[in-house]
Amino acid sequence: MIKKEPDLLIQATPMLRQEMTTPRAMLDVWIALIPVILAAVWFFGVGALLLLLTTIAGGLMTEWVFTPADKRRGVMRDNSSLLTGLLLGLTLPPGLPLWMAFLGGAAAIGLGKLIWGGLGSNLFNPALVGRAFLLGTFPIAMTTWSPAMGPGHFFEVQGSLFALPFQTPVYDAVSAATPLGLMKFEQQSTALSKLLIGNTSGSLGETSGLLLLLGGLFLLWRRDLDWRIPTAIFASAALFSGLLYLVNPVQFPGPLFTLFSGSLLFGAIYMATDPVTSPLSPRGAWIFGIGIGFLIVLIRGFGGLPEGVMYAILLMNGATPLIDRYTQPRVFGRQARSG
Amino acid sequence: MHSLNPMNLLRGSFRHGVHPAAHKEQTVDLPIQRVPFGDRYLMPLGQHIGAPSKPVVGVGQRLYRGQIIAEPGAFVSTFLHSPVTGRVIDIGPHRHTDGTFKPAIEIEADPYATQQLPPAQTRDWKKLDITAFIGEVQRAGIVGMGGAAFPAHVKYSIPEGQQITELLVNGAECEPYLTNDHRLMVERPEALLRGIEILLEKLGAARATIGVEANKPDAIEILRDHLSPDLPVEVVSLPVKYPQGAEKMLIKAVYGQEVPAGQLPRDLGVTVNNVGTVVAIADWFDTGMPLIERVVTVSGPGAAYPSNLIVPLGTSVRDVLSFCGGLRSETREVVMGGPMMGSPIASLDVPVMKGTSGILAFTNTETLRPPEYPCIRCGRCLEACPYFLNPSRLARLAKARLFSEMKDYRVQDCVECGSCTFTCPSGIPIVQLIRTAKDNLAHASRKGEPT
Amino acid sequence: MNQPVPLPSTREPGSVRLVLSLALAGLISGIAIIGVYEATLPTITANKARELREAVFKVLPGVARMQRLEFIEGSLQPTEGGAVNDQTLYGGYTSNGDLVGYAIPADGPGFQDTIRLLYGYLPKERKIVGMEILESRETPGLGDKIYKDLVFVANFSNLVPDPEILTVKKGTRSAANEVDAITGATISSKAVVRIINEAHIRWQPRLPSVAPAMPLPDNETGPETGKPPREIR
Amino acid sequence: MNELVWIFISALLVNNFVLAYFLGLCPFLGVSGRLDTSFRLGLATTFVLVITALCAWFLNTYILIHAPYLRLISFIVVIASTVQFIEMAIKKLSPALFKALGIFLPLITTNCAILGLAIFATNRGYDLVEGLIFALGAGAGFTLAMVLMAGLREETELSDVPALMQGTALNLIIAGILSMAFMGFAGLFSST
Amino acid sequence: METDKNLDAYQEFVKGLWRDNPVFVQVLGMCPMLAVTNSAINALVMGGATLFVLIGSSFLVASLKKWIPKQVRISLYIIIIATFVTVADYSLLALMPGVHKELGAFIPLIVANCMILGRQEAFASRHGVRFAVLDAAGMALGFTLALFALGSVREILGNGSLFNIPLFGDTFEPWVIMILPPGGFITLGLILLVFNWAAVRKQRFMQQVAEAERETL
């Protein structure tokens, strides 16, 4: 017998939900990056950890200050700023002064996210906005790379990290060119094994090709990323760089070097796949990825900068609304949509 | 972004869709039980898609079981029959399953009646021509039993120049929890095949296919055992995926063809019928029983004793539930139909109708909605939508109240299967937003506003 | 806001009047402009000439007089004004009229935008003795070191442009035809070198080491009458 | 040939008229709300830019060599009358095109990109072919910036932009980020 | 002018500074606004040139309005403005060649500053000389103010100096992006944000005052 009639809810169906949530997806990326973080600390010492913490703090504090009090709880819990700060931190050179890193974190969240209306509204990858801001603002500090060290120097934190705010940093370590810089300005290639393991100079999180791929596989398994985007980037970067290599193997690197050098892997797996700023439809994802690959090869090969991944992704972010608009999926039972 | 699913590569499925947990184990092995007759029955005049029926009985009139109590209000409408022997006590507005009050005939059962059907008149279907056959189907009050309750006779009225070649029997039952079709296939395969035989001959179709999802191996086996070589019937096992039971998805899964938007299955020479509908046709021609009862699954974590039941139409949900032990105290929500597309009811005093396939009780575990996060355009809903719509964009447009722009994104093609909401990691009620938008658009077009 | 006053003339004026008023306005405006132009011309000309002289004297140390020259029909001839083009350069002379060297304008794409520069070349020694950036939009703090970084500029005060100038990593200059690049602004450094290399290839065979043409008398200011067609932005 | 490629790429990407030179900002900020409008305005502007380059070269070669002080006033008068003339010509020759471009043509007169092009081309001493390539590059760059901006702006309509940011403030920030992204093209084809 | 009677000279002058500021409120003249504000001095010179052109043309237009035929008024305004701009251009070239070099093509581009043409059409052609000049001065000063605000922010952060005087010593790390184009866009965007915020605050304050007054009545 029904003893007591419950107060029935009238909530619309479907009653069932799958388990994945947005904060959980953000956390997955974090988990995927843990080996990369460890490698960064291994190669660049505790200073790397300090840098990561600083960018994250810069982002979180900006978010906290500029979010209306009534929305703070929800916003702070979605883990997205935590991820943005980490991603930004991993793209910074190991000797960057902490105050710049903090500023970068603030710019990433402020210019990259809050101004647009918060998570989901931004049209450019916030971490890359932060990095582009830093690169434009402090071009020298952002391109001064310290060499990868080893565990022997684990506790040696570079003095430049602690430069006073607004002051020019003084570097105590000899700077080293990145594999891309060596390639562009001195036509020197770097062994693939070094690129895979990561004991080269470069941004904190971009050096170790193997670990980056490993994290990518984890995300693929968790179905957190659109596999089409990295695949398209790899394919088009390999294709275009291969063509250039065939034309002039002295000036242009081969496809393998192109794929494993610089931040191509990092950008393709963790930055370009940011769902908010990449196209929704499968066809759009292909176009997006191919465009990024092409722009990377264009900027690296013919531009003034040795590296172009960040700009390539930002530029394609800018084109994403257009791509989305013209790649609407064909609706079931209808002919392909024209325009 | 998640179509790595190898199932897509196999024959016999549609693209996209979702895989909610089936939850069928509670009732899948329970034989169908008959609910004893109660004392009051409520027959809403609009239990089907189309115009409501018109009452042909008056208050106080005595009825026998199976007697016609209402006649079609239009071509897309059908007959209603009394589910019990008894007396009309009221004709007027009563609480409907959607929460509103709608006209219904209230019948008081005769407690001393035997509730036997009157002796069957012989209806030799073999002698009927197609028009007479369609008339008989309407006369039996038969509608689609899968949930939509679309009058069956309309479906069989094929316009001049068209020919049905394929009879597709829908045994997919892709909604979680529900096992009523499953049990019907297991327990009454003869009736099902007999209904198929009738339909094949009357519609002139070349063959019949029974599409059953692979998670019902016993049903597939039993049906195959009962096939006779004289009857061109095939039983097809389909990969488990929601919403396989949607007509157009089933056609795509079985024949690999898309029904063009704006067209009907019959334009491809196909007619799709739920197993319940086919059995009801067989019953009418075999025993003369019109559509006055149906199989209902009672299940869900809030149901004390989940069951499969034969319920006379018009029985109140409360009576059905109390027959099988009532609700647990944790129950928060009761849904009529499946958990994906059914509708919640506000009161237990609403009747079981022709389209009621299940009564599901849910507790906090299911009703607690996750906190809603902003859409991060992850694309999971695009991968889920069987109609290849862009639910993310539709939801964002709906939130910005740009309803007319939603038409450019084919909001009208949405069948509201709920796959997008199911799959959304940000917990956005996408399908509800789409429903609101459709309502708004319909309202605007009724008022003749330019949209 | 304020109440607008209806325009004074409500009657449709004839088209003659329209044309007349436009012509009148044009006339008055022309007169005004010519007035200002005439009034400022001497100063502007003097400024430009001074700027040019300063630049020429800077890239050619020890020069006291200069003359604009143009490569016409196989030889260098003194010219007055006119468009500066690929055929123009400046001769630098001692106070008694002996040729010291040439100041050669050259331009080409840099990191950001066109870089325009002037370099001093001694034909006898086949040596570059100075370089001055006239115009560039290189990145502040990085690319702009091509003129702000005196160490870099000093590379060009004693440089052999044959067979060609090479850019090498900072601090590794070891030969007379090498230039130390600026750290972090390799592209801008290379651009300057490339611009000079290209200009050198064009000019080297044309430059006689003895005075091809004597400076015109009283000509030190390098008369720049008329429009300076390649205005220095 | 190489020089021409660089002039084109420079005006299109490296020194994009809008994002690096701030020319044509009024339509860029004002008329970029809708994608099709932006695209058409871009095309119309490109067309006028090319005509202007032609006129500027003609003026420079035949008139201003004698009277340099009339440069500004003759440019502005020529641009204004050219636009007017084009408007009338299109109206007569192709009503369909006029319908598509019509309302934008008067707007173009006040577009400083046109005057800017004439002045830049003169300052750099471009010859006729260089000037035309420059105009094509500038027009394509303007169109590119307009179209990207319009796409982005249409998208922001669906998001909850804070009230204080709505309108020009956000558009400027979008332009700033686009401009930052275009910095990636710096040095393109200048080092090869 | 009869209709000028209800105008208040002070109001006409001040409105351009804040309430109807051509940059912050009307979003006009963006092109010079962003292009020349990479240093305070450039901003001030550009402001001065604009002031000269605007006052001059407003004065002329207001004095000559009786003789300007309606049909060709825009062309005439443009001729007048272009004349003043040419005058300014040559004067600057003669007097301040260094700054003129930095401002480059943007001095001639004052012609295309829609604020100037706008004031002629909207104000000078409809009002007396005195008010036209006051209005022009106010608008131009408002424009200069905005230029200066942007220019000084960009110079201070981007170069660590103001009017080329170093403020923070040699070890200051300049924010290079501020003097690059993106810095212009972003800084102006943020200044507009602050302006909007101040406007909202002011409006709220005025409402509170009004409510308080109503309550006391």
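As written, the chain order gives the labels A, B, C, D and E, with residue 1 at the start of each chain.
In the analysis below, contacts are C-beta pairs under 8 Å (C-beta built on N, C-alpha and C of every residue); 3 or more make two chains touch, one makes a residue touch a chain.
Given the structure is predicted, the values throughout are model-derived calculations rather than measurements.
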Chain whose Cα mean lies nearest the overall Cα mean: A
Selected pair, greater C-beta contact count between A-E and B-D: A-E
Relative to chain B, chain with the most remote C-alpha centre: C
Computed distance of Cα centres, chain E from chain B, in Å: 70
Interchain centroid distance [CA atoms averaged], chain C/chain E, Å: 33
Centre-of-Cα separation between chain C and chain B, whole angstrom: 85
Whole-Å separation of chain centres (CA-atom averages), chain D against chain E: 23
Sites on chain E at which at least two other chains make contact: 75, 79, 82-83, 86, 90, 104-105, 176-177, 180, 182-183, 186, 193
Contacts with 2+ other chains: residues of chain D: 69, 73, 123, 159, 165, 170, 173, 176-177, 180, 183, 186-187, 189-191
Junction residues of chain A, two or more chains touched: 111, 115, 118, 120-121, 133, 136, 139, 304
Every chain pair in contact, whichever chains are involved: A-B, A-C, A-D, A-E, B-D, C-D, C-E, D-E
Residue numbers on chain A that touch chain C, as the complex places them: 139-140, 143-144, 185-186, 304
Chain C - residues contacting chain A, complex: 111, 139, 141-142, 169, 181, 184, 186-187
Chain D residues within the chain C interface of the complex: 6, 10, 14-15, 64-65, 68-70, 73, 122-125, 186-187, 189-191
Chain B-touching residues of chain A, taken from the complex the two chains share: 1-6, 8-18, 20-25, 74, 77-78, 80, 118-121, 223, 225-228, 275-276, 278, 280-282, 285, 324, 328-334
Chain A-touching residues of chain B, taken from the complex the two chains share: 1-4, 18, 20-21, 99, 176, 248, 252, 258-263, 318, 321-322, 326-327, 329, 331-335, 337-348, 360, 362, 366-367, 369-371, 373-380, 382, 386-390, 392-393, 409-410, 413, 418, 421-427, 429, 431-432, 435
